[in-house]
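Reading through the structure tokens given below for one structure.
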Amino acid sequence: MRVVPIGDKVVVKRMTREEKTSGGIVLPGAAQEKSQEGRVLSVGDGRLLADGTRAAVQVSEGDRVVLSPWAGTEIKVADEELLIVSEEDILAVLD
Amino acid sequence: MRVVPIGDKVVVKRMTREEKTSGGIVLPGAAQEKSQEGRVLSVGDGRLLADGTRAAVQVSEGDRVVLSPWAGTEIKVADEELLIVSEEDILAVLD
Amino acid sequence: MRVVPIGDKVVVKRMTREEKTSGGIVLPGAAQEKSQEGRVLSVGDGRLLADGTRAAVQVSEGDRVVLSPWAGTEIKVADEELLIVSEEDILAVLD
Amino acid sequence: MRVVPIGDKVVVKRMTREEKTSGGIVLPGAAQEKSQEGRVLSVGDGRLLADGTRAAVQVSEGDRVVLSPWAGTEIKVADEELLIVSEEDILAVLD
Amino acid sequence: MRVVPIGDKVVVKRMTREEKTSGGIVLPGAAQEKSQEGRVLSVGDGRLLADGTRAAVQVSEGDRVVLSPWAGTEIKVADEELLIVSEEDILAVLD
Amino acid sequence: MRVVPIGDKVVVKRMTREEKTSGGIVLPGAAQEKSQEGRVLSVGDGRLLADGTRAAVQVSEGDRVVLSPWAGTEIKVADEELLIVSEEDILAVLD
Amino acid sequence: MRVVPIGDKVVVKRMTREEKTSGGIVLPGAAQEKSQEGRVLSVGDGRLLADGTRAAVQVSEGDRVVLSPWAGTEIKVADEELLIVSEEDILAVLD
């Protein structure tokens, strides 16, 4: 089953500690319980602009991204935990 | 009786646990009491833009959708419980 | 005496329980004291847009509408209780 | 002395209970202490738009209007109590 | 020393009780400690618009104005108490 | 070392009591601990507008300005205390 | 591993006290625990504008910048502590 995000939403799979190489992201302090790093699974067709067109999302499927702490809504699809965030909650891409 | 949503509103029928196949959405933790998954029954003609035109809603009748937790207004029409949400409370389509 | 709403305002007459056919709207839980269903009596000439024109209100006189709970200002005109709401507090039309 | 409102401001003289004919407005419940009905004395030249022009105020001198409860600033000019409200605090015109 | 306000700011000299003729403004109730009436000493070149131009301030030097209660910043220049307000805190002109 | 402000920011050096001539600004009451008067050291290239251009800052290097109370961020550069404020926190120029 | 910021985000490496020459920035009072000075490592392609284009970020890689206190999200990449801030949290460049 595919989860196709709407508008500026992005579906992300959080990376577990094991999946992260030594270069992985760690958020010091309180935000550490959940990894703030994830892999983009799918992106919406972008934020609605004043003239009705859409601004393409700046990350793409497969990107490894850094998320704002506590961002997004967690969902479980066929026993897989996913996170749906807004584009503005994505801080950077790790490449 | 048809419920025709206004502007960026969307009428959704929540999917009960039984209706959901194994691929259904489950929201871990507190949000679990109500299913966050639903079927679109009807959509409004979209959000009003600065120039007076409207941006078509990005989901269509029959789509299976994932909703933000606690979103929308519940109504009961001829004993059927429906939910009226704003487009921005729809996170993704499941296909 | 006619009540002519201004801008995006809409005058609505709440439908009492008796007036509602079996298909009427019921809001489960706390919002139930007041019926969330009403009949449109008159509409303003619409919300002001950035260029000074107005976007016509999406409901018309005589429409049967579903309202957000607790929306609008109640007034009494010649012993008749009316409700003045903003267009965005109207969720849907029942037809 | 004339009170000339600025921008989207409107000067209103509250109608006392006696002045109101049987068709007068009564606000049920708490808002009842002050009459929510008034007569427009003068209007500003309208709300400033993005391009620097102004959108004319939708009510005119002499109109009998319904006000949002608790709106505006009360002033006393030569012993006469007046109310200065913003246009968006005017709900409707009674004609 | 001249106080030249910036943008949509306006420098106002509060009118004391004595200066006010019988037609002066009195704010009933709590707001009465400070006079809500003043004389405009100087105006800024107006609010910045989306296209970078400015919308001229709607009051002029010498105007007698009515202010929102508690608006603006009080300053003392060469022992003279002045008030710097934003244009939108000016409700009306008395003429 | 030069401090070059970004966008609509302005670097201001607060004027101490001694530096102020008799015409200096005094803020009555609580705001008095810190002088609300300062000298502009440098200005950013202005606030970003909707079309991507910038609106030039309305004050210039050397201007003597009046600031909103409690505005800006204090920094210390090479033992000199400076204040970085947004343009909208500057109320007026003294000339 | 490179951290590529999105949109108006900027990756900054905080300067430790030792790294700062005598000209470094010190924030008096509470904000002093963390240095408010940093070096820009990388910038996003800028804030999204109404027409879908982007306004280039006003700082560049290598710039020495002054930050608003408590701004941004701290991350640790391969044992290096970095800060991801929004452009508007950068107050000035030191040159």
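Lettered A, B, C, D, E, F and G in written order, each chain numbered from 1.
Basically, a contact is a pair of C-beta atoms (placed from the backbone, for glycine too) under 8 Å apart; a residue touches a chain by one contact, two chains touch by 3 or more.
None of these values were measured; they are calculated from a predicted model.
Note on connectivity: the fewest steps through touching chains from chain C to chain E is 2.
Of all chains in the assembly, those touching chain B and also chain G are A. If you average the CA atoms of chain C and of chain D, the two centres end up 22 Å from each other. Between chain A and chain C the centroid-to-centroid distance comes to 40 Å (mean Cα coordinates, whole Å). Contact of a single residue of chain F with at least two other chains is seen at positions 50-51. Beginning with chain F and heading toward chain G, the contact ring passes through the chains as F, G, A, B, C, D, E. Contact residues on chain B toward chain C in their complex (touch as defined above): 1-7, 9, 11, 44-45, 48, 50-52, 73-78, 81, 84. The residues of chain G lying in touch with chain F in their complex are 22-29, 36, 47, 49-51, 53, 55, 58-59, 66, 68-69, 87-88, 90-95.
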